[in-house]
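Next come two complexes, and both contain subunit A; in the first it sits with subunit B, in the second with subunit C.
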Partner chain A sequence: MTDTSAPTRIRPAVTKPFDGWRWSGRFFLVLLLIFTVMPMAWMLITSLKTGFAAMQYPPQWWPAEPTLENYTRLLDPRNAIGQDFLGYFWNSMWVSTATTVMAVIVAVPAAYAFSRFRFPGRTFLFFAVLLRNMFPAIVFLVPLFILMRLLGLVNTHGSLILTYLTFGLPLAIWLLKGFYDNIPIQLEQAARIDGATRFQAFFFIVMPLSTPGIIATAIYSFIGAWNEYIYAYTFLTKHDQMTLPVGIQRFFSENATDWPGLMAATFMMSVPVVVLFLVLQKYFVQALTEGAVKH
Partner chain B sequence: MTNSHDRAKRSGSPARGQVVARMIATATAASLMSTTVYAQAVDLSQWSPEYIRSIAGTATYDTAADCGAVVPNDYAGKVSYWYTGPFEADPQIAHDQDKAFWEAFKAAYPNIETDVQSITYNELLDKFRTALLGNAAPMVVRLQILGGVEFAAKGYLNPLAPEDVGYASADFWPGALKSVTWDGTGYGIPTNNETMAFIWNAKIFADAGLDPERPPATWDDVVAYSAQIHEKLGIAGYGLVAKQNAGNTPFRFMPTLWAYGGGALDETAAEPTYDTIELNNEGSIAALQAAYDMYVRDQSVPTSALTNTQAENQGPFIAGQLAMMIAHPAEYAKMVDLASKATGADKEVADAVVENMRYGLIPEGPARRAVVFGGSNIHVVKPEYVDGGAIDEQAVKALICMWTSPEWSTKLAWVGSNPGHLGGFKTEWMKERLDTIKFLDVTTSMLPNGIPFPVLPEAPEIMNIIVPDMLQNALTGTMTVEEAANDAAAKVEELRSGM
Partner chain C sequence: MWKQRADYLYVLPALVVMLIVIAYPIYYTIDLSFFKTPASLQLKDKIFVGFDNYTTILSSASFWKVTWQTVIWTFFSTLFAFLLGLGAALALHREFVGRGVLRALLLIPWVVSAVAASYVWKWLYHSDFGAIGALMVQLGVTDQPINFVDNTSSVLPSLIVVNVWKEFSFAMIMLMAGLQTVPEQLLRAAKVDGANAWQRFWHVTFPHLAGVSTVTALLLMVQNFNSFIIPFVMTGGGPAGASDIWITQIYQLAFGRQRWGAAAAYSVLLFIIMMTLGYFYVRALAGNDDKRQGA
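Entry: the complex of A and B
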């Protein structure tokens, strides 16, 4: 049999000169990665320990007797914490999703209006919507609580959704306006020439082009609502209405902390956000780089 | 207690029938208030571990019937209540007793509807403050010891004395009643009385050449022991806690300060006036110097003391890296609970830690032996600040009577502290506790040494901010010990003068 394969081309060995800057950069990135991942890894490891093992020193880098007990008690609706935790989870999911949907529904046309229309007071209004986000949340706590009380919304998820919109919506409008600004107006004009109404041009031309921006905005809104603590703990008192950030406080007692339970709950709380990022990251990255090149 | 019906008067003229009904209700309430369920429970002059053991189990109570004499058991009404109940880190028995209480209350008062919210210790005060501002507070609230004074001084609470729910003031520890008194009027009833103790690891003591069964007798000994332990074993001797704005920093530092003869104000006096600032007197400076000696000179306390609360000391203590600390009575129960859940090799280590744990009296100083007189109190909110704008006085009384009864003030404080009602010390449950909870008699023995924090609305700021700041200023070298003490005294002066 004859060997018909092409002769192997032997490349001369090339020794690249040591690139100090490149290796320093890589080293720095590895350090940064460790710095970023370590807390999450430690959270996961602690969640696999018993209460006693979590308090050992030197710490057990990996538990001698790993246990899933902290997770099973959180997920078992037959015990009190399991029942409550699943409730907190769904409450958070409902409040965050509702906030996100409402923020997007309102922000999309509002941002478009700020981007495309010129009207008196436009600049003032545009900055005014962001005014709310220039003050710390605590400043608005009591006034908003009194307002919610007058509206009969204390101890309802409506109080949280409305409150979260007060800081989520301005951010969403600002983010989306940046997107619309980068979509050439000529595309809409072409559609209008072809007979589309302004609404059709917006819905069929602008919206699809701004999908990454809408998704990025939605992610921001969702995470903001998902992690919010101070309003949730003030406006809600009843256990069956609490959201996750408030609910996981029950791992702190007056004189002790259930660290493994707390870590398991925190780990589970981070899962939806991580999944959201994994599923939508291509849009998120696209959104981040969209404005990099000016059209 | 103010009758909730008083409020309705403001909104319009009552009908004649309402007036008659109100008069009957008031007369009934007045007659009930004049009776007491129990006579004085114990003789405080004889207080000692032996006396406590001798009276435990000598009295029986029928709580439902006794409270039924104050509020009829068939009373129909509604009560809302906020408190800090047991949470995940608490031992199982705390959960069981809490559940048992609500079942017992339902059995005693089947027609009283309850709206009960258990709020975590760190959240309750802020949440309650906000709720008051929005007129959305519960009818009854149980607050940590000085919470009541802040709210009473601001006019949020109804006057409330033990006599209002059928008990005598003599049935409660005088220091505890002092902590709910503002401007000469009582605004709450003590539910439990906490005093801490000194715990140490006997094995570490032995390894460091100290007597494993003998705790340091004085605070000077603590400083010396801490240095010796650190020098010989390279681990932390004393679990100093100096975190800023952490409630448990003053709980651990003030006993030293008082022992040396110091004070925040004159709270150590038999009849305090709170007019004199003592944070920079000789005793306070000596106490601060002791902390400085351990942290800076000997470096024999955890370097993390500046950011530590007691919770952060538990880990090193369990791991055998910390020899001594002031701890809550529940600490032992917590350790036993953790050990019971440990598995494999961890189990052996955990059992050894529990075995080596010792409780003793908090050391003395040149002036006295002292401990913070802590605990919680139950309060009634004024109707205008309550969600719905009214309180159901009878339902409120029924709940408070049950909660502060000898039976339930004992059971609800099971692993944590002492019953608020002195009659609790005579119950079978106190006897059971003494028989089953190791070292309970030690923490209980500290009660006569208890000193309440100054009963002032400014006390939380003094204790939680100014005192920890003073420690931080001295330990970090920002100021000398004397400068830090003088600075703290000046801040208290400024605060009290309203500047």
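Entry: the complex of A and C
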């Protein structure tokens, strides 16, 4: 390594000294990137193989005869697997969208209230939000299962939408409050002096300013619902109702797993959330760090 | 600020949902933990047994084994996810070409569903056709593919790798946000005073990151303690219970063996642990707030 602390002669400004820290940082990032991307790449590569090609040792690092057959099989409603897969896909879409819409509708006014008003029970409620985020889904599984049975919602998508709100909502309130805290209260006050009601000020001034926050919250709810597994696994027993994370298991069995089919299915299951996330990640990262780091 | 009744309408929907989904399940879990409830979950037939469920759990042979595995799982997952996240955050802190793309790529595992990730890693770890085993043989690390997840001694470390893969990027974004609060002038001043890169990190950056680090580490701990999908989908807690942790144990007790009371008692113990962690989390957050107001 170059000794950068040696007394320097005057040299052309373009020659930068070798910066060991920077280069080890780059090297670390490359290794980390390989670690991060490798499983996703292998998922994609396997999904392009035939069942026979996947079961070879040593593995074909690149498929000798790449095929889209696994995808066409899954996307073709004329065969049984395609029908099921597309069914799971739409079930996931519907449950996640409904959860997201409801979470946003309920969380927006609540987060606004948390940010602006002081009311009895505020601290308690906020602590409850926090607490809910610390408890695993599983400890709520039995009680919610009993509740859903009482409400007659077992084996319906309603049970999932309601349950997903239990974790989506606290988080949505938490994230959105961070955004409202950063919107100057003077803007509303000015509107109210001009004769707007509190609700008008909220609806026409604050809401539009918090659009990035609302988008981030919506993505977060959507991804959470799309990826949820435990409740869907427990509450739904009928095949035509299953969501993707649960339905996908039909490709898996101890003896004869259709690995290329499974990898194609996991790939297609990942596409919507990854695309959504990559397009809107700026908002998403901002919201998460606002809410979590700054309280 | 709480002048009008109508203001309650902002929070009321959230309040109702939260009462149903937080207060009710917690109450129910505590209640169930003192009863012997029939497998059918017919609540009218439950029998009061006092603390029996608790003593049964605590005196069972598997309890301490599972607890020890949970501690290992939580500790090492948290440690490595934190360290990788910190390394990535530091390496990505300075602006360079392609930084945004790199950050987005590193975030993908965190967005991808845990079920999809579990299946991909199961395939990578496959004892006959797994890419990792084959690669290790080709590189001359081992002469035979390793049985990563079918072996009691390697299963837990193998699952920890998957878990770290899945969540290091959470630590990364949190710490990247934290790094932005480190004052540039202070770093420059330290450099002028002759501090080397390590000294600058240790004496300037690290103390400024302490608050965010505590919060991040606590959140990771909570997440890891509560993680379910990776061990459940990849190994189901096996082989021979070697990858069983508290959460998979609770699920097994409840939905596998219909021992609702024991599962509830486990959950109550888990509540207590989480409340303790929650207490430290709130204190850490409050500490961060004070510092910001003082600055």
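Just so it is clear, the second predicted complex is superposed on the first by the 264 of 295 C-alpha atoms of A that agree within 3 Å, B and C clash if a C-alpha of one lies under 4 Å from a C-alpha of the other, contacts with A are read in each partner's own complex, and residues count from 1 in each chain.
Please note the rule applied: contacts are C-beta pairs under 8 Å (C-beta built on N, C-alpha and C of every residue); 3 or more make two chains touch, one makes a residue touch a chain.
Everything numeric in this text was worked out from a predicted model, so none of it was measured.
*Asks:* Here subunit A is shared; do subunit B and subunit C fit on it together or clash?
*Replies:* clash
*Asks:* Contact-wise, after the overlay, does A:Arg26 reach subunit B, subunit C, both or neither (first, second, both, neither)?
*Replies:* Second partner only, subunit C.
*Asks:* Using the touch definition from the top, say if A:Ile81 reaches subunit B (first), subunit C (second), both or neither.
*Replies:* After superposing on A, A:Ile81 lies in contact with subunit B but is clear of subunit C.
*Asks:* In the superposed arrangement, does A:Ile161 touch subunit B (first), subunit C (second), both or neither?
*Replies:* Neither: A:Ile161 stays clear of subunit B and subunit C.
*Asks:* Between subunit B (first) and subunit C (second), which, if any, makes contact with A:Gly261: first, second, both or neither?
*Replies:* First partner only, subunit B.
*Asks:* In the overlaid three-chain picture, which partner chain does A:Ile183 touch, first (subunit B) or second (subunit C), both, or neither?
*Replies:* Neither partner.
*Asks:* Please tell me which partner, subunit B or subunit C, touches more residues of subunit A.
*Replies:* Greater contact footprint in residues on subunit A: C.
*Asks:* Who does A:Ala225 touch here: subunit B (first), subunit C (second), both, or neither?
*Replies:* A:Ala225: touches no partner chain.
*Asks:* Could you tell me if A:Met55 is touching subunit B, subunit C, both of them or neither one (first, second, both, neither)?
*Replies:* A:Met55 sits against subunit B and subunit C alike.
*Asks:* If you stack the two complexes on chain A, which partner ends up touching A:Leu175: first (subunit B), second (subunit C), both, or neither?
*Replies:* In the superposition, A:Leu175 contacts neither subunit B nor subunit C.
*Asks:* Which partner chains sit in contact with A:Glu65 here, subunit B, subunit C, both or neither? Use first/second/both/neither.
*Replies:* first
*Asks:* Mind sorting out which residues of subunit A both subunit B and subunit C touch, each in its own complex?
*Replies:* Touching subunit B in the first complex and subunit C in the second, residues 54-57, 141-142, 145-146, 149, 234, 252 of subunit A appear in both lists.
*Asks:* Touching residues of subunit C toward subunit A in the complex: what are they?
*Replies:* Those in contact with subunit A are residues 1-2, 4, 6-11, 13-15, 17-18, 20-25, 28-29, 32, 41, 43, 84, 87-88, 90-92, 94, 102, 104-109, 111-117, 119-121, 123-124, 128-129, 131, 134, 137-138, 165, 169, 173-174, 176-178, 196-197, 212, 215, 219, 222, 225-229, 233, 247, 250-251, 254-255, 260, 263-264, 267, 270-271, 274-275, 277-278, 281-282, 285-286, 288-289, 292.
*Asks:* Per the contact definition, I'd like the list of subunit B residues that touch subunit A in the complex.
*Replies:* 82, 84, 86-90, 95, 117-123, 126-127, 130-131, 133-136, 310-311, 314-316, 318-321, 328, 330-331, 334, 337-339, 341-346, 349-350, 416
*Asks:* Give every residue of subunit A touching subunit C within the complex, in rising order.
*Replies:* 5, 21-22, 25-26, 28-29, 32-33, 35-37, 39-40, 42-43, 46, 54-59, 106-107, 109-110, 112-114, 116-120, 125, 127-132, 134-147, 149, 162-163, 165-166, 169-170, 173, 198-199, 223, 226-227, 229-230, 234, 244-245, 248, 252, 259, 262-263, 266, 269-270, 273-274, 277-278, 281, 285, 288-289, 292-295
*Asks:* Using the touch definition from the top, list the residues of subunit A that touch subunit B in their complex.
*Replies:* Answer in residue numbers: 50-57, 64-65, 67, 80-81, 141-142, 145-146, 148-149, 154, 233-234, 237-239, 249-258, 261.
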